[in-house]
Structure formats: structure tokens, C-alpha cells
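Report on the structure given below.
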Amino acid sequence: MDKGNKPFKRLLLTGAAGNLGRILRVAMRDWADVVRCTDIAPMEAAGPGEEVIEADLADREAVLALARDVDAIVHMGGISVEAPFDDVLQANILGTYNLYSAAQKQGVRRVIYASSNHAIGFYKTTEVIDANAPVRPDSMYGISKCFGEAMSRYYFDRFGIETVCMRIGSAYAAPQNPRMLVTFLSFADLTELVRRSLFALRVDHTIVFGVSDNPSKWWDNTKAAHLGFVARDSSRPFADRFPPEGPIDTSDITRLHHGGPYVLLGPMEPKS
Amino acid sequence: MDKGNKPFKRLLLTGAAGNLGRILRVAMRDWADVVRCTDIAPMEAAGPGEEVIEADLADREAVLALARDVDAIVHMGGISVEAPFDDVLQANILGTYNLYSAAQKQGVRRVIYASSNHAIGFYKTTEVIDANAPVRPDSMYGISKCFGEAMSRYYFDRFGIETVCMRIGSAYAAPQNPRMLVTFLSFADLTELVRRSLFALRVDHTIVFGVSDNPSKWWDNTKAAHLGFVARDSSRPFADRFPPEGPIDTSDITRLHHGGPYVLLGPMEPKS
Amino acid sequence: MDKGNKPFKRLLLTGAAGNLGRILRVAMRDWADVVRCTDIAPMEAAGPGEEVIEADLADREAVLALARDVDAIVHMGGISVEAPFDDVLQANILGTYNLYSAAQKQGVRRVIYASSNHAIGFYKTTEVIDANAPVRPDSMYGISKCFGEAMSRYYFDRFGIETVCMRIGSAYAAPQNPRMLVTFLSFADLTELVRRSLFALRVDHTIVFGVSDNPSKWWDNTKAAHLGFVARDSSRPFADRFPPEGPIDTSDITRLHHGGPYVLLGPMEPKS
Amino acid sequence: MDKGNKPFKRLLLTGAAGNLGRILRVAMRDWADVVRCTDIAPMEAAGPGEEVIEADLADREAVLALARDVDAIVHMGGISVEAPFDDVLQANILGTYNLYSAAQKQGVRRVIYASSNHAIGFYKTTEVIDANAPVRPDSMYGISKCFGEAMSRYYFDRFGIETVCMRIGSAYAAPQNPRMLVTFLSFADLTELVRRSLFALRVDHTIVFGVSDNPSKWWDNTKAAHLGFVARDSSRPFADRFPPEGPIDTSDITRLHHGGPYVLLGPMEPKS
Amino acid sequence: MDKGNKPFKRLLLTGAAGNLGRILRVAMRDWADVVRCTDIAPMEAAGPGEEVIEADLADREAVLALARDVDAIVHMGGISVEAPFDDVLQANILGTYNLYSAAQKQGVRRVIYASSNHAIGFYKTTEVIDANAPVRPDSMYGISKCFGEAMSRYYFDRFGIETVCMRIGSAYAAPQNPRMLVTFLSFADLTELVRRSLFALRVDHTIVFGVSDNPSKWWDNTKAAHLGFVARDSSRPFADRFPPEGPIDTSDITRLHHGGPYVLLGPMEPKS
Amino acid sequence: MDKGNKPFKRLLLTGAAGNLGRILRVAMRDWADVVRCTDIAPMEAAGPGEEVIEADLADREAVLALARDVDAIVHMGGISVEAPFDDVLQANILGTYNLYSAAQKQGVRRVIYASSNHAIGFYKTTEVIDANAPVRPDSMYGISKCFGEAMSRYYFDRFGIETVCMRIGSAYAAPQNPRMLVTFLSFADLTELVRRSLFALRVDHTIVFGVSDNPSKWWDNTKAAHLGFVARDSSRPFADRFPPEGPIDTSDITRLHHGGPYVLLGPMEPKS
């Protein structure tokens, strides 16, 4: 294996044990001589060109070590669903601070940050927004993503560390419900979006909606057109799974906002 | 026939005797157990799953009856060309009020309203506008469509009755003149737009331009992207019918505005 | 009396018997050799430099005669409160058509049109809008004002007849309730606005909010800055009449929208 | 004392021991029968109509108790300068969550939240922004304010708890340096802004810049005009204290951004 | 005289023999130890703290010498009325290039550039624009100002030389015609605008409209609010000199555009 | 050959000896009975339906003769790379004035003007702009294009001569470097853009970015959608020639702006 021929020397992937992390781990092998994988949960053993390190993002020293000798970070780690605030505080708020703090200390130049549509989930499903629309989080989880976006903006303005905030829609093998006909992001499109975000000459601080080329759209990516991300997949082939229903119950607010069911989930009480 | 399997129980189609009404009548059979067709003019007799009722939209009681037990209304009725104001007043202004008044009394939840590009026909052909551009009607007919859009906005804000205002371009089998290379809406695209408007989970009050995917564009549908309407047809195959002409007479104002010949038609004197 | 020295030869004032009409009638004496006053209701007898003609705006021939030899029209006439649609249809919709039709036939060059905040009354009281915001009428009355604005836009685009649409707030001697601390338009400011609208070199089709310089603002008049209207009065001296109340009942939608109580008034049933 | 005559029954003031808290404490006596004052630091003893409770905002139960039987909260508490992230995390992030969580559980209807210009401190001093400009925090402190704004947006969208986010400029007795000629907020104007925010009929979720009527402006408050806040003071009388200097060193980035010296303060290392 | 106490060491004033140049020359004495005055026409002899140098802006070497040891330049020179293109080319196009080229070579940090409303003179008098509106020059003179604005933008982006482009309205002792009631800039306000532009901490590349606080407004200076320029004068006291005229001839395009009579002046033939 | 059947009688092509001129010359044969080709450099001899005239655009009389009996002009002439200002002044500034002056005197109705992305080359590569973004030229060449755009705007507003300003990206057979993956304009797309610009019914003054349908985009052509230009080619097939490089040197400002290497080229000293 000729390590020196790949564009990156070493990339760090957090959340490598998650659904999306496992998919990206495979793709990233082609992009870097070494992919350093980390998660708080157990991961598959390291293959060639891989490092595997179990770590808690809330552990500052551990995160500092993870970022050593790394060209760029794909930050999929943390809690990716609604959770009690205390849990979100540790994993997503403290965790993201630790990550950026480590990136700055270790000289990392770029972060690809898994933000979420839940940062803007309280917009109505009849509103089409772009990256400049003020945040409207729909959950503690969504608020933590607003926090991460603000944190990353700071680290760009202050230290020049670039970030692409991917507001991921619904990254599944296929849409699971009618809402996902709008929010669906295929695994291939997710991978392409990460690839573009890593390889674009320059990204400054960019917010992009991670969504396939679905017929209904709530999100306008014009302001991220410089990334060159062009979705290839669409929810269209899956439309038949969710046939039209006729008049629906408009008092169900989970069907009236971008965030779907999240708008009713939070705030959760801590598990005691 | 298994009525219960269709998404809607009963849909009302006004203007069912018109060119577009006849096309939609066919398509709507698949969407509802019963399609109630109405027009002031004679219509084809009722087939299976159809009701046919001749009525004048200016007749309040008749319209109230039409809206009974209806899930949604596709409102193609009224005068669809320039006409003396008195005629427009009856058919389009009083008629549209009667329709919404009936919808509210009968509990109808959604209206698909045939508005028109003539509501904004006085924009210049070098201006590209979206749904938020202030109205600039080009005729008494166009003014009546502005009225209908305002009326429908009220019924949504006041009673939650949703409306999709389709500002239909030129719905013909093929473009009839150079202007229609820009404004062409194929019958298939019209049908798809009505289908999307009926079946979208939620539309609130949406203004959408009814236009195929033609090369020249005056209308930007970003604000209605949530409908999921994607035009499949284009005027491109018809471009050869209207070859370039070289320099034209720019003093002909009918060629300088979105509304085309309408900008010179009105106001007509009443037929006496 | 030296008729020839006044800027206008003859001005038409409709709605001259109304509260605002009576105030404007006095002011207009200085602006024109002849002020032609009209209303459907009885008016004070004609003084020097005045003509007084009782007429129904729904009477086309009568309106045509009113507009003869007139330089400009101050159109305060019609119904100025919520009313059954049939009444609005006659006085405000047919009436406004008759007025513009007459203006065009008689060569009148400018109309000052009493539109209303009720054309946009369904905006929330936490939203600040300008003249380009899409209409959101709060009543049949408000819809008729949207109609009048669209009609006047047409007559400008088609025939060059200029209009200033004054979206009058609450023109009273003093604010009558807490809402009017925001919407108050003093009589002096109303008069100044009409004066500016008549005397501005050129107004094309301008929408301006008729409101004094009150501390709370819902309406931004930047787009009408060319008129040179500068409000001199304010609701501030009246603030003590409506002391703060502490927490209020936010389920009362009449307190949540620009239109105030109008949002619940309509549609009224016809008086039988 | 006639408790029943004041507009509010009980208001909670956090940060009551701070510079601004002490000023507001005095003013708030007129607005509520009882002002409940709290701080982590010692406060002046309770006077008539006052309750004084020492508490740590990071203590969930204590905060829950503070919010009991409270009509509205003026939330000046937390760290108000740049500090190590761990401190900000406790006081401002966990503290603000605790506050909103308590407000929701106790049925509090409105919060006046002391946000900061440091939420947008990385805009250039030649840029004029309004409330919709995306956040650009200049410090850990600024990021915590972005967090608080997102949190408060959530609590409005989810539970209808209203918030006015005051992005306070430089609230001092007088400007302390040339930058404060732009960012100065007099104590009287601060008090008036809090008063308006408490007493406005409805505020939904409003972001307002807390700044006096200074000659140079970086912040446009049009979108909060509905509050009715009109600054009465200005930095103009203090201009002579900071005479023009002629050419300056433009490589000093603390002079190039809204946030001034904050853009270089963070992130601080924890005090060990 | 204590030279060292003034904020600037040496300022260059071009066009010092012109109407506005003579006024600024006086004011600038207080701002700099030395005011270097230049013009192609004869000027008053140098007083204390002044240098007077006759020079042609089209003479590259002469301009290079003028910029030596200069802190900032107030560039009022060149042709300030419509003229044949060849003349404009020399004085305003070549002259402005020479000036910026010299500024860059001599290390000058800031230029206050006399641009003109004629750079945007073809906007309609019913349109209110801000600094971001695309240029619409009304004359060869106006085009040369667009050129100068583009040139100055380049020198800021490329070399960091700051410029305030003052789009001067009508700088006279008093308005000379009805148009100037809108465009009037008093000499005191001009002086204040130059002062602010010189002394602002940082201006980057700012476009500001030079206009007093007149009742009618075509120009919105929000985007230059950071300069802190607040006009103190108004055309209001002069309004009586141009009483309202009643209906005017709208076919006179000089009354329909910001630029007034300029819209018909050009292009002039060269004087032969 | 049947001359009378082509849409244009005579078209003028300037810059006919250049790379793009030679390509357009071939295409234009189908559009006009006569294509008049001109350049300061030697051109291929005239074929059927062609006239070939060597001329200097700085020669007023020569240009006046070129424009005689011409329907429209495709203006590719002048200097198309960075050059000393004196050269740009003659060829592009004086030359463009001569061209429009001649067009006006000879009654030419439309000009297709080769503007350049270098008129806006100082925008950052992470910014997506449209035709209304203020100019930010990156060179003397770019400034001359801003001048030409302003000049053409004047000739439209003043005389109704229409212009399409094509801000050409990188018109090559294939992209030559990574930047051109974003800015590439294929020869076929250039030809189609010129064709659309000539044949559109009406163009007024339109600014359009000349760029193929490349994956990364810096330029949004919505405001020119009325032209009907749809790019058919893309840089995508060439992407492999410039594989991702991993982290780059962000201090290289030629990689950070739309204009690429141009941002460092100027201003050049005159060749002596």
C-alpha cells in the first residue's frame, strides 16, 4: 500500500461506531493514509490504514490526543437524538468544545461537523429557508447543534479553523415515513457531501443542508453552492411507500414543522 | 369499484366544462371516490364516481350546496379571459366569495385556486419574480385574481382553510406564440401541480407559478418548493415553431410584459 | 377670491361626510380653487370654492360626472368598517372600479386612495413590515382595500394614473385603546400626508402607512420616503391613559395581530 | 403599601448583585408588588416589596424555587465577561437551561434575557447588521449568549414562553473608550428597554440591540420596532473625551470588530 | 502654532479652487498640521499651515509628488459637471487612476472621494435606494464616478487603502429648484461628512450619500451608519421658495429621475 | 445562398481575431446575412456573407464606420487580460465609449458585451453572488469591465440601446487548473449564450455570468433567467485532471478569490 499517494495524511472520524460513522469510515479509507476512528462505544477492529481509539468526547485530555497529527476532522460523534439536557451537555456541548479546543491546539485546519436539521426544526413545513435563516431548534439536541455551529463560527473567525456544518436531514437507507420524502439523505449523497467538504479548496465557515434531490424541498443550498455538492439520489423512487392520504389532522404539530416528531420530544427528564 | 380506497372521499371541481376542467376531471377520478363536477355551461354526463351539477358561482345557495360533504375544491371556475368588469365582478369576485364562504360553512379544508399570471402581468419580461413580489395585474381579469388571492389568504388566516393559488401560465397542448415559449404549462404538468397541491401534507397559503420547465423563466418557484412540484415538460421541443426574428419593435408593449396581449385588452366596455 | 392662485383648479373629495372627510374638506380649501365634495350621506352646504354633490359610488354615471374637470381625487368614500360582503362589494369594489374608470375617462392624473391597515391586519404584532410585504387582509373590508390597491396599480401601469394608497392606521383625535398607541394617526398628520401625496412631484404607485411617529412601530415607511411625509405627532402623550397591565391573555387573537378586533369581525351575514 | 395596584404581582431579577442588576432592582420596585432578587453573590438586604435569595443558577432545585409564583423574569445573572469555558458552561449554559426549565414548570410567561453584543462581536466595524444576521460570537462568553438565544427561541416555539433577548452594548455611566461611543447604553436607556420589554403587550421571541442613540451605529433595531423602545440618551456629549487620533494601526483587530477587545480574550485556560 | 497637536500631520485636498474645495480648505485647517491644496486652476495663496500647488491630475508625476508625505486625501478634484467624454477621460478617469496609483506608491492610508448622485441618477424619483443598489449613471460625468468607485474598491481590496465615496447630492448655500429640496446638502453637513469620513476609526470601502436631513428622501444611508454622520440641516426652511404647483408634465424626464437635468445633458460633443 | 432568410441583416463582431472571436465568427454566419468582422490584429480573409475590416477601437471615426447598417454588435474586442492602465484606457475605456457612441449615432439596437468575472474577482471563493452584487474588480482590466457595464447601463437608460453584459468565466477548450473547474465556460455554451442574448425578444440591460453547469458555483444566474440560457456542458468530466490535494496553503490569496491569479497581477507598470 502506497500511503503517500492519498490526499490526506491522517483524518479523524468521531462517532465511528454509529450508523453514519460506519459508512463514512469505509469511504474515508480512500481519502487518507490513516483514518483514526473514535467512539465511546466499541468499534470494529482497525484494518490497514486505520487507527481505532475508544474515547469519551467529554474527556478533554483524550480528545486532545485524538486530534494530534490530524489534517482534518469529520465530527459525527456525540448524541444524535433527543436526550435529557445533562446528557446533551456532556456529549454535545462540552464534547464539541473539547474537539475545537483540541483542533486549535493541535493545528487542525478543517472540521466537518455533523449538525442537524433539528437546529431549525421549528420552521413550518410550508417555509423554504436557506443557511442564513435564524436558528429555530426543536429540541435539546437541536439546541446543542446551534451551540456547535456558533462554536465553530468562533473558531473560524478567531483562529481560521474552517468548518462545514452539515445540517443532516434523514440519513437512512430509505425514507421511513412521509416526512422523510422531504428530508431524505442517501448514504451515497452523505458520503459525497463529506468528500466535497473535505476536498473543497476553501470552505471558511459554511452551513449546508444535507439532503438528497427530493421533489419537495424545505432547504435552499444556494449559499453553499461553492462546495460543489450535487445530490445524485432522490426520495422519488420511494414515494409509493407513502401514498397520499387525503385530508390530515392539522392539529398534529409534528406534521407541521421541519423537525417532525422532535418538536414534541423535549425536554426529557434525566434518567434517574 | 372500491370507493373507500381512494385518498379523498369527495372532491369538487368547478369550471368542469372548460378546457382545463375537462382535463382535470379525468385525472381526479383516481384521487377521489366521488368527483363532483360543476359549471355554468353544460358538461359531459356523469360517469362512475362522478356527480355533475350545473350551477352559477354567483348563486350563493347553489354554491353552498356544491361544497357540502366535500374534502377539497379545485376551483377552475369563473371567467378565464379578459371581460367587462361587471361580468368579472359576478363570476370571479362574487363567485369566489361565495365559494370560500361555502367552504367555511361546510368545513372544507383545502382549495386549489386557479389564479393567473395576469395577476402579475405588468412586470417586464426582463424581470424574474417570485411569489412575494407585489401584484401588478394587467387586466380586470387579473385584478379579480388578485382579489381571489387576497380572499383566500384571509380564509386561511381566519379559518385555517388552506389554499394553493396556482398562477397558471399558458396551459395549452403546445405553445401558440413566442411568449408561450416562456409561459407554457403542459397539461401533464398542470395535472401534476394540482395533484401535488391536493396531496401535500400541508400547504397553508401557497402561491405557485404554474409553468413547465421552459428555458426562459420569468417566475421563480423557490418559495413553493415545499409542494414538491417538479415540472417534467418544457417548451423546448416547440422552439423551432417560433424561430428568432432579429430586431423587433420594442414599442409594442404587449411584447414587453409578462402578461403579453392582456396588457392592452382592458378595460372592456360592457356588452350592451 | 383669487382662484387662479391656488395650486389645483379642482379637487374631488369622496366620503366628504365622514369623520376624516370633514377634516380634509377644510384643509383642501387652501389647495384648490374648487373642492368638489361628494358622499352618499348628506353633507354641509357648499361654502365659497366648494361644490357639494350627493352621489352613490356604485352609480357609474354619477361617478363619471363627479370626475369631470378634476385635477386629482382624494378618495375617502365607501364603507370604512367591516360589513357584509354584499355591501362591501357595492360600495368599495364596484365603487372603486367606477372611480378609476371615471378618472381614466376624464383624464384625472392622480388619486389619493384611503386604503387601510386592515389590508395587512393579519400580520403579528411582533412583525414589522414595509410596503412590499404581501397582503394579509383581516376582514371583508380589508379584502376590498387589497382590491382597491390592485385596481390602482393597474390604472397606473396601464394609463399612468398615479395613486398614493394610504394605509390609514387609527385616525382619531386621540388613541382609544392600547392598540392605538401603535396605530394612531393624528388628524394633523393625516392632513399632512394627503397634502404631501397631492403635491409630490411624482408618486407613480406608492403605498404608504398612515401613522404618526408613535414609539412602537409595526410599519416601516422607507419605501415611501420620496413623499417627504414626516409625522409630527405621536401617541406618546397619551400613553398614560393605557397603563401597563402586566401579563395578558395571549389567547385573545385580537391582541396579537395588526388588525386588532377586526380579525374576529368578519365575515358578517347580510342584514336581512 | 398597596400591592394590588402595580402591574405585576411578582418579578424575578437574577444577577441582582451586579452593576446592572442593582440599577434595575431599583426601577423594578415600581413595576411589581414583589421583586424577588437573586444572585450567587451577597446582595443588599430586602426592602419593602422585595425578596432576596442567594442562589447558584447551576443549582436546578434552587432555580426551580426561584421561579415559583413569578409573572416574568429579568435574567441578568451568570458570568458577564469572558471566562474559562468550564465556568461559562456552569453559569451561563447550565444556568440558562435551569432558568427556562424552571420557567416552564412554574408557568412563567416572559423572560427578559441579558444577551450581549458579543454574540455578534466578530462583525466588522464597517458592517451594520440587524437581528436576523447570523451569529458571530467573539468569545466563550459570546457563544454562551448564542446558546441562550437559541434556548429561548426553543422555549417560545415549544411552550410559548416569550423572551426579549437584549444584546446589550456597553452599559456604563459613560463611555470608557472610543469603541463605546458606538456601543454605549445609558443606564436610563437600559431601564427603559427592560420596561418596554416587560410591558409590551406581546413580544414573542424578539432580539433587540441595547444601545443608546449614538451617532455611529452598527446595529439596526427595525425588527424590534414593535417594542416601542426609543433611546433618549447618546454618547455624543462624551465625544470630546476621545478626540480623533488620525491614522491608526489597522492591524489591531480589537479595533476592527464589533466586539472590541473580546475578540482576543478567549478562550481562556481554566484557573487551576 | 503647535503643529503636533492636530490629529493629522498632512492632508491633501484636490479641487481646492472649486466651490466645495474652498469651503473644505477652511475646515481642514483644524484637522491637520499642514493642508496641501491643489487644483488645475489658481487658488488663494497659502496661509499658515498650508501648501498650495497648482497641478493637473492627468499629470502622473505631478500627482505622485502631491501624495508624498500625506496621511489622507480629500479628492474633490476633476470635472464636476457634465462634459465631453474626452475631457472626462482625462480629468476624472486618468486623474483618479493617477491619484490612487500615487496613494499606493506613497503609502497614503485613506481617501475621501467626491463621488456623485449622478452615479445613480437614472433611478426614478419614486424609488428609494441604498449603497448596494447597482449603479445607473445619468451622464458621462456620472459614468466617471462609477469608474472612480470601482477603482477605489480595487485599491481597498488589493492594498487596503480605505475610501469613503461620498455621493454628493446638491451642495449649495440653499436649494436652487424643487429637486434640490430632496438632494440638498448644506455646506455644514458636507464639512461634517468629510470630518466623519476622515476621523472614523475605520471605513474600509464605504459608499455614503451626501445629503442633509431633507423631508423627501431618495437615499437610505443605513449601510454607512457606522460613519456616525448625522445631518443637522434640512431643506425644510427653504420649502416655501418652491411652492406646490399642482399637476405637472410627467413627460419631462428630467423631473422623473434622481439625476434631474443631467439625464438629458449627455453625451456632449467635444468642443472643437 | 439566400441572404434574406437569416434573422439579422448585418451583425458586427469586434475582437474577431481573438480566441473567442474566431469561434463566434463561425457561429454567427448562420444568424446574419452579413457578419462584419473587425480587430486590430489581422484576421482570416472574408468568406461568403462576411466583411473583414481591420480597425483600432480607439479610433472614433473608424468605429463609427464599423457600426453603420448594423443590427446588433457582439463586442469581444479590446484587451482581455491584465495590462498597464494606459493600454486599458485606450482599448477598453475609450474603445467602449467609441463603440456605444457609434451605436447610438448609427441606430444600433443591441450590444452583446464581453464583460468578465474580473469585474467581481475580489469576492471570496466561499461567497455565491448574483448580478446585483456590487462590483469588486480585481485588476485594471476588471475595472475597465466595470466601466463598460456602467457605460452600457447609461446607453440603455438614456437611449434604449439594449446590452447583455456577459461576465465570462474561463472560456477554454477544457479547464486548465482547479479554479477553472468552477469558472469553466465551454465554447458551445459561450456560443449558446451569445445566441440567446442576440435572439431574446428583449433584454433591456442584463448582466449574466458566462459559465457552464459546473458542480461548484460562485455565480447565481436567477436574475438573467429570462434570457433562456441553459448551459449544457460541465467541468465535471475534467475533474480528474485536478485531483484533491488535501490541505492547502490558505495564505495564497490567488486561491481565495473569484478572480484567481488576477488579484495579484495589477497594477502593471507601463512598458517603456
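By letter and in written order, the chains are A, B, C, D, E and F; residue numbering begins at 1 in each of them.
Please note the rule applied: a contact is a pair of C-beta atoms (placed from the backbone, for glycine too) under 8 Å apart; a residue touches a chain by one contact, two chains touch by 3 or more.
Bear in mind the structure is a predicted one, so any value in this text is a computation, not a measurement.
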Separation of chain C from chain F in touching-chain steps, minimised, is 2
Listing by label each chain that touches chain A and chain F gives B
In the contact graph of chains, the distance from chain B to chain D in steps is 2
Taking shared numbers over all numbers used, above half giving same and below half different, the chain D and chain E interface sides are different
Among A-D, D-E or E-F, the pair repeating the A-F interface (over half the contact pairs identical) is D-E
Overlaying chain E on chain F by their Cα positions calls for a rotation, in degrees to the nearest 5, of 180
Ranking A-D and A-B by C-beta pairs in contact puts on top A-D
Taking each chain's mean CA coordinate, chain B and chain C are separated, in whole Å, by 32
Chain centres from averaged Cα atoms put chain C and chain D apart, in whole Å, by 41
Taking each chain's centre as the mean of its CA atoms, chain D sits from chain F at a distance in Å of 53
Residues of chain B that touch at least two other chains are none
Among line, ring, star, complete and other, the chain touch graph is other
Chain-chain contacts, ordered by label, are A-B, A-D, A-F, B-C, B-F, C-D, C-E, D-E, E-F
Within the complex, chain F is touched by chain B residues 124-128, 178, 181-182, 214-218, 220, 243-248, 250, 255-256
In the complex, chain D touches chain C at residues 6-9, 31, 71-72, 109-110, 160, 198-204, 206, 222-230
Per the touch rule above, chain E residues touching chain F in the complex are 85, 89, 93-94, 97, 101, 122, 131-132, 134-139, 142-143, 146-147, 150-151, 153-154, 157-158, 263, 266-267
